[in-house]
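Note that chain A is present in both complexes that follow, paired respectively with chain B and with chain C.
What follows is the complex of A and B.
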């Protein structure tokens, strides 16, 4: 029984950063922007978080700084979007930049080659007064800090917020920017704010990795969690109500991969579990024609790189027949007069 | 005439400005470590590109350039054909592994053995590279996200294979057996491993240029990437263009791994997938996704990497990641300057038209006043 509780406990802890990334992806997508730089926001968040925590001695200050650093990348993207910069290329550049820059800064100023482990306490786990003493629940709630609760609370808040006036406006901006603009909604401002908030949330996810859990920073600490978060948001069809189960799949798969290592299964094999889950999820999303269409729409609004598609919007037969008819009719008119 | 000069200055000036800005930020980072940016720049230049009779640094650059160029070419073929796959890293890793397996397990005469290894590398790379294309075409999966997942999977698969089934002998780090002497690619300069691999990369560069811009297949591929609607209207099959892009791009990146193993490493170590594919992708984007541009930027990139490792890190104690940091910053800044340039050009056009309109209308209004 306790084994199950412990497994769920670590699964939910591993879900937390993925859930933060998924929320960030969801907010950007619903505002009509394809945000592929979440990986960089998570990584920068975990770096800034541990750095500021070590500097001030307060893990909470680290969390705040992590969220600010994520928001900074969000602001850069928002500014770039206003100038019609190709967000896909920009995101690729930002992901590589943050990956290399954090290693450079760590090696040159923090003295570590692969890891940076300052003498700093991590976020204290919250002890729930009465429930914590129960047999199953006690194991389940063990080692959860404020960020774990915050991530799950945030999903609920987001679902509620999408039902308020301001939330509806955001959805309208994402769904039909032209219509939203013509009815007087500030499209550009909404998208800028959405990107900044998404960045801040992704940064929180990063701070969970460093300040919240391990108390150290390692090279490429985010390890694809940003991308898995994007996948989770896609799997949840960008609906807050489905976000927790979707992210939970990947969290539990990660927990299972660590569990399996205790049975002498090599880590390089067990880590296939979360990656394989992401693979299957992407195929499922692709099979659903509507979510594929939504994604293509997002891509087109955020990038100028065309993606070739197999299925033509105009039926192919028609296109072929019109091209064939034209020369034929021209030929008849030419032969007609004499 | 003057306008044309101004326009060319603007077109060339902004990208150059973006590159310079990235270099200035890099210089600032270096000087924060107490190293003069000028010293750093000259160190990178000498360690990456200088050549004296005792030890030719340029040889090392060109040797490292070969796999990067292959990966960059793979990225160019993918990106130009409307397949936004960034899976070069995984194709590179598995291609290298295939070359190492064929190089150590099979035996063949000197001339044929490397060709067999490269064929295996290309085949495995193509097989891995066509996965995102198939998933995109038949299951509607977005190729960008799936190719990142595939990269991680390839890295994990490589680490598993190198550590367990293909492991050479008991050691702390897993690696495969060394390839047979017959499988090694000829080397011109033994100290830097500069050899046939680079020549192959240059040939591939020209080949990809020829394929994309001088053949019907390549034209169809470019059109299905650049002018999707036109390609469809003209009856070109996007399906086969994207499949070809996945196969050719994957084969090229796989060859990159192959030449790295046959020309320099002679075996595959755990962690072989160390970012060379990603470096190639960066070079392809900075090279304007053209074959020749990607090749030239690939060599430059290799030079900066070699300069950062052998020059900055070893001689000046600056971590080598500064090189890739500055290059990633270049992608960001070059991406940002592109629409700015369009804006400035549009504004200049508007101003010019206004000026012309003003010049045209003013005399007539004056005449009207005179008549009145």
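What follows is the complex of A and C.
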């Protein structure tokens, strides 16, 4: 029993930063942007978070600063997007830049070689009234810090927000920018806001790692959590309702990789678990896309029409009137948009 | 004939609903004066058609009205007062509604959600889908548009998607509706339905701007016809003032005629031979067999969706054949790669020139050499010979009169007619033995259609075998030496041109067999 509880406990802890990253990825994707810079936002968040917490002595101030630093990277991407910069290329640059920048700053100014551990307290756990009284789950769900609750709460808020006008506008912008623009929606502004908010949320995930959990910063502290978050969002088909289970899969895989080391399984194998889960998840998502014929559509003619409709039988009366059209230049019959 | 509709408010007396004064638009990037000093007015309840060839400035003019481009000079007046329109929101606020040629719908949203995008009803802070469905349902019923408001827009047939676009404009209380080539994507029955609807909308006092290059429908519906050529208004005609031939002449600026195949040609020797080809998606319903001879046009008529696309793709190697064999100049090409089939002497004018025939993002010269990029003519040891490629593109532009372009320019800015000229020029350049022409004139204007027809017939006279697939019966009848009909994946015929008439083809298209 104790082993299971410990495992689930560490699962929740591992899930939290992945969930933040997944929310950030989902918001970007739903705004129609492939945001591959989440890793850099998480990493910068964890660095800024602990730094500001050490300066001010307040872990909450660190969390706030971490969020702002993530938003800053989001704003850089948004600016670049307006100038039609390729965001995939930019994201690769940002990921490398932040990784080296944090190492550089840590070594030059903070005196840490591989780690920076200031004398600062981490976020205090919150005791939720009544929750602790529940058997088993009460113990499991209680006494987490504010970021853990925030992550799970954010998912619910997001699901609700997609049912508001503003939320639906975001969905429209992401899926069909042309349709959104012709209905008078501000496409560019919506995408800018989405990128900034996604950055802020990814930054929160970073701050959980440093300020919320360990009270220190290490080189490459994010350790692929941004990427795994993107994978989790993909696995959840970018639907808020599936996001917690999807992120949970990776969180539990991470927890398992730590537990297994106690059983003399080589670390080189166990550390592969989260990334291995991500690989399997991506294969699943890919297979699903293929089963829907999406890959085929890449090269088929009339590619913008679903395959199912291309083969729809044509009613006979329609066929007859085709032959009755008189003049030479009269009508073209539909097989697809010109 | 339709249910009651809501009339709209009239502008002040003696004021046109919409007036354009001296509108002008120059595109510095391409050096094209798309719209030059255009002025006209539209009265309430009036249907004004604007006709002109592709790339003549019609669509630019509409984009100026809808705030997608800003005019360099001139003004737009709505109900007598000048309006600045810099984005679609301004246009919507001014009571202008646009029914786009390429529909602007969110595929995963329902009809109601699309119609009310940007003006959704809200209850308790959340979007209220029930209210949306009720509102749009009422609006649709009142406007005589039959549509299921809770279906996803992406699942609707094209004609219904267009009705959603119209509902969007009506929901925004548009008093002027702009239709940009609305029938280009519709089947003939859908097109007829649309014309009735447009007429009814005008009867409620709404003004209609109807852009088209299809002369019969323009003649059927317009109160007034504005003819545009190269960005200018050539003339304005009242209903019934000119017949179709006259309109075509005004539009193109010269006489237009339908080229016909010469019946004294004597095609010899089979170049393409299909035997018992079973096509994917038409499993078991029938086998396609046909043989195409050197120097003839074999026309395949049929209602769209009866396997024509699959047949062409199977020959071109884009779709696997489930059974049967395909021989090109005596060589078995069944299951060969598209590149190998092309090397064996096949050219393919794809039905969808935007997605398959061309790469819109690439330059004209890249597109021109796209099917021969490995040939020693355009590449030496794997390195592109730019000078050769550019010279080839230049000659293509000249020979095929691709107006307003240059070898290095991205082709996406070109009109449909010019895009098709690039495709055809490229396909015929490789001295093919067989040309597959799938809907080669779809969406083209009168002048471009004439050009495409003439080019195909010239190729045929030079000894090429042309397999023409078209849903336009007149096109098939005018160009083909022999005619076959496709019905449910089966090829019926072919019949010699003088052994079959329009009625018989019509019966075959509709039922696949002749009534006893």
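Everything below uses one rule, namely that the second predicted complex is superposed on the first by the 279 of 338 C-alpha atoms of A that agree within 3 Å, B and C clash if a C-alpha of one lies under 4 Å from a C-alpha of the other, contacts with A are read in each partner's own complex, and residues count from 1 in each chain.
Please note the rule applied: a residue touches a chain if its C-beta (ideal position, glycine included) is under 8 Å from a C-beta of that chain, and two chains touch if they have at least 3 such contacts.
Nothing here was measured: the structure is a model prediction, and the numbers come from that model.
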Which superposed partner A:169 touches (first chain B, second chain C, both, neither): second
Which of chain B and chain C A:129 touches, first, second, both or neither: neither
Touching partner for A:103 - first (chain B), second (chain C), both, neither: first
Partner chain(s) touched by A:111 [first = chain B, second = chain C, both, neither]: neither
Partner chain in contact with A:278 - chain B first, chain C second, else both or neither: first
First (chain B), second (chain C), both or neither touched by A:183: second
Common ground on chain A, meaning residues reached by chain C in one complex and by chain B in the other: 299, 306, 309-310, 312, 314, 316, 319-320, 323
Residue ranges of chain A in contact with chain B within the complex: 36, 80, 83-86, 88-90, 92-94, 96-97, 99-101, 103-104, 107-108, 224, 227, 230-231, 234, 266, 268-269, 271-272, 275-276, 278-279, 282-283, 285-287, 289, 292, 295, 299, 305-310, 312, 314, 316, 319-320, 323
List of chain B residues in touch with chain A within their complex: 29, 32-33, 79, 81-84, 86, 135-137, 139-146, 148-150, 152-153, 156-157, 159-160, 163-164, 224-228, 231-233, 235, 238-239, 241-242, 278, 281-282, 285, 318-319, 321-322, 324-325, 328-329, 331-332, 335-336, 338-340, 342-343
Complex interface listing, chain A residues touching chain C: 160, 163-165, 167-169, 171-172, 175-176, 178-185, 299-304, 306, 309-314, 316-338
Interface residues, chain C side, partner chain A - complex: 66, 87-89, 92, 98, 100, 102-109, 113-114, 117-118, 120, 122, 125-127, 154, 157-158, 168, 183-192, 213-217, 244, 248, 258, 281-282, 303-306, 309, 313, 318, 350-352, 354-356, 416, 438-439, 442-443, 446, 449, 471-475, 478, 488, 502-503, 505-506, 509-511
